[in-house]
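Encoded as structure tokens, the structure appears first; notes follow it.
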Amino acid sequence: MRLTDEQIAKRIAQEFPDNSFVNLGIGLPTLTSNYIPAGRTVIFQSENGLLGYGPRAKPGEEDSQLVNSGGEFVTLLPGAAIVDQAEAFVMLRGGHIAIGVLGALEVSEQGDVANWMVPERGVGRIGGAMDVATGVEKLFIAMSHTTKDGKPKIVKNCSYPITASKVVHTIFTDMAVIEVTPQGLLLKEVAPGLTPVEVQASTEPKLIIAKDLKEIEL
Amino acid sequence: MSINKVVQSFEEAVADVFDGATIMFGGFIGKPGSPTNLIRALRDKGVKNLTVVTNRCGGVDLDMLFEARQVRKAIASAPVPASRKPMSPFEAQYLAGEVELEIVPQGTLMERMRCAGGGIGGFYTRTGVGTAIAEGKEAKRIGDKDYILELPLKADFSFIRAHKADKMGNLTYWRSQRNFNPVMAIAGKTVLVEVDEIVEIGALDPEAIVTSAIYVDRVVKIPRKES
Amino acid sequence: MSINKVVQSFEEAVADVFDGATIMFGGFIGKPGSPTNLIRALRDKGVKNLTVVTNRCGGVDLDMLFEARQVRKAIASAPVPASRKPMSPFEAQYLAGEVELEIVPQGTLMERMRCAGGGIGGFYTRTGVGTAIAEGKEAKRIGDKDYILELPLKADFSFIRAHKADKMGNLTYWRSQRNFNPVMAIAGKTVLVEVDEIVEIGALDPEAIVTSAIYVDRVVKIPRKES
Amino acid sequence: MRLTDEQIAKRIAQEFPDNSFVNLGIGLPTLTSNYIPAGRTVIFQSENGLLGYGPRAKPGEEDSQLVNSGGEFVTLLPGAAIVDQAEAFVMLRGGHIAIGVLGALEVSEQGDVANWMVPERGVGRIGGAMDVATGVEKLFIAMSHTTKDGKPKIVKNCSYPITASKVVHTIFTDMAVIEVTPQGLLLKEVAPGLTPVEVQASTEPKLIIAKDLKEIEL
């Protein structure tokens, strides 16, 4: 089977350490905030200067001046703090954020990530992605394993313009959990029912199979 | 205290903005922190050949300036929305070669503005190393890491939005409205602010003022119905 | 919220400070913002060969560390008082060649700390150009001005003083107590804070928090009589 | 006659524009805050992050956590704001402060100022002086015209280590007001009863006498 976006998000959320500060990119990464394991405290930081934002505001209760970096109307949790956007990036670039989660168009064998531009469009959008990718302690990628046409998004070298070089820690897809190591891409977990051979078939670079390879727990 | 930076209309606030000016616009995404009323006054004034410094080149506010073809160049971080449809006025004009774009990573944009306002000549960042952003920039290895040199970015005017102002121009913000605004207040030569509320000097808690009056030139109150 | 960074004693707070550590000390001049109780605990612990980063190398607080000969090197902006008499323990030890000194202009000191905390590799400043401070530093002309390159300054520990903390480590300051403290909170790897009051999570206004909990590791309440 | 410190301070205070932000060094410069002309608003900024500090606190009413950059217990005026010390220097280095006033050991003909170190002492103190000298819009120097031994402190070249090069706008002493211009030192005002010749005799570089030379008004 292939995981749903929610299942990818749930898997990623298990990696957030207790009492950690985490930055989530828009789209799939944002979903992870719904799956924090019980008893664990994770504080979400967003580029626009929020620390400790909470769930989306209920319809009718939105504050027109309170959005997260995805533009969603959110709430603030107890202990929240607000800083200006320059200081939000001091946090991001200075390694104060334990984990950043970004979506991607491609990830390379060396841990390069491309997510800011599809050249055919003629114009891209960087936002905070280059800073997050470069600055956080651990960068996670959350994405579908292949394109809509079934082509690998995990590649030997990125064909799209890269966002940052040699920065990805672990890739979480609908097929697998793959860690970027100095020796190469380490296949650590596969989606239930998938074999390493099937994952390899959808992945351009050669995968190293972890000795303790397991199924992704859902 | 004789200082009074309150002006009575948005029209008056933007009166000295000139053709070819570089203007920074607060706001990050959507409504929070966007100086919508000042932007509307600028559109109505009709100055041309502007360079705009902004997170996004659009939204209900900045779209106005592109629709009126007042912009020559944009310096932005996320100039276009993720989705191409419907295409923004900026994107159409950029693809047609009618508007220039300098795309800047958001953290670099913040820091370039702060440097301009703080007298720093430039700074080395790892952001953008090995990417298209590094092209043409000085590279330097410091310690065991690679960096690129980024230069200050200043503006003739900054248009910002805050929550409360006292009459001398001290500002507080509400929630994610803060975003780019305090940094642009530092980086702009002439700083125009629209606020929900104007209070007497001394009514704001000195510990809670985010932008000092030192940076602020003019303050306009947003009419209640539009706030 | 399960986070609780409150520790019960100053002794416990400084327990892992090691010989040879680099430590930043908040405070500007005199009592405001000086983490006096943490410094006393450090003196009692007796670690040696410290590098201290501070505005002044003395006062009732830091004098303790020099008197106990725990300091190998000082990085400071105004290391000595204007008057030579009475001579501070630092000045005597420095003149005797027993302590090293790196003197840094105050704005450069601030910016070097902020750079360290913000992942910046270095920055160009005009401060110090043409003076003894420029010796051995890279010079660069940018536009029509001369600059020198200054590099980040980080620390193993920052000892800071604030007014209120919530249990997760968000901080507010009172009056000129703020001074170096918020910057040192950003630049230190492990950040210890002494405060007048510890409140529940959620009790501080999110708009008025100056130092976010993200930087803070341990919080100790100052006994009332000493505050 | 020679002016008293208070008279020098009073003369300088007349130069502060209405609604301006001013930074005062310790000692003589601090005295200027007592002589702001009636009806004029001047806001004092200090390196430790105060904007809008007021007179010294009355005995018994001092706040132990509120001092200016000279370490004096002060008060806050309405409209005061507090920033951290890094932002205080953004203001100073970024040209947001209209006028800075510093004391000095020496000032050179070119506008160099020396005030951080007497080499005989073996150790100096810079504090914010280099940043103030380099960053403010206009730098004023407040000092005695000569040393205690009667030697000129306005010199061709500084003998003490300099604080900043080519930065001084105007020198206010107990004998004169002298502006640093591209053509040289311009003697604009003399203390009541003094002649330009007397001022020149206590000054190492050649002075240009202003056409509209006048007595310092007290």
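Letters are used for the chains, namely A, B, C and D, taken in the order the chains are written, and counting of residues starts over at 1 for each.
As a convention for this text, a residue touches a chain if its C-beta (ideal position, glycine included) is under 8 Å from a C-beta of that chain, and two chains touch if they have at least 3 such contacts.
This one's a predicted model, so the numbers in the text were calculated from it and none came from an experiment.
A.B. asks: On the document's contact criterion, could you list the chains that touch chain A and likewise touch chain C?
C.D. replies: B
A.B. asks: Looking only at C-beta pairs in contact, point me to the busier pair out of B-D and A-B.
C.D. replies: A-B
A.B. asks: I'd like the Å distance between the centres of chain B and chain D, where a centre is the mean of that chain's Cα atoms.
C.D. replies: Inter-chain centre distance comes to 35 Å.
A.B. asks: Per the centroid of Cα atoms for each chain, what is the distance between chain A and chain D, given in Å?
C.D. replies: Comparing mean C-alpha positions, chain D is 55 Å from chain A.
A.B. asks: Round to the nearest whole Å and give the separation of the Cα centres of chain B and chain C.
C.D. replies: Centres of chain B and chain C (C-alpha means) sit 33 Å apart.
A.B. asks: Counting only Cα atoms for the centres, state how far chain A is from chain B in Å.
C.D. replies: 29
A.B. asks: Spell out, as numbers or ranges, the residues of chain C touching 2 or more other chains.
C.D. replies: In chain C, 111, 114, 118-120, 125-126, 173-175, 207, 210 touch at least two other chains.
A.B. asks: For chain D, jot down the residues that touch at least 2 other chains.
C.D. replies: Residue numbers touching two or more other chains: 76, 82-83, 89, 93, 134-135.
A.B. asks: Spell out all pairs of chains that touch, sorted by label.
C.D. replies: A-B, A-C, B-C, B-D, C-D
A.B. asks: Taking the touch rule as given, give the residues of chain A at its contact with chain B in the complex, in rising order.
C.D. replies: Touching chain B from chain A are residues 26-27, 46-50, 63-71, 76, 82-86, 88-89, 92-93, 112, 121-131, 134-135, 161-166.
A.B. asks: Across the complex, what residues on chain B touch chain D?
C.D. replies: Those residues of chain B that touch chain D are 1-3, 114, 116-120, 166, 168, 170, 186, 201-202, 204, 206-207, 209, 212-215.
A.B. asks: Spell out the part of chain D that touches chain B in their complex, as residue ranges.
C.D. replies: That would be residues 18-19, 21, 39-41, 43, 45, 51-52, 76-83, 89-91, 93-97, 134-135 of chain D.
A.B. asks: State the interface residues of chain B toward chain A in the complex, per the touch definition above.
C.D. replies: Checking each residue of chain B against chain A gives 28-33, 55, 77-82, 84, 91, 94-95, 101, 103-108, 110-111, 113-114, 125-133, 163, 173-183, 210.
A.B. asks: Which bits of chain B are touching chain C when the two form their complex?
C.D. replies: The contact residues of chain B facing chain C are 111, 115, 118-126, 140, 142-143, 145, 147, 151, 172-175, 205, 207-208, 210.
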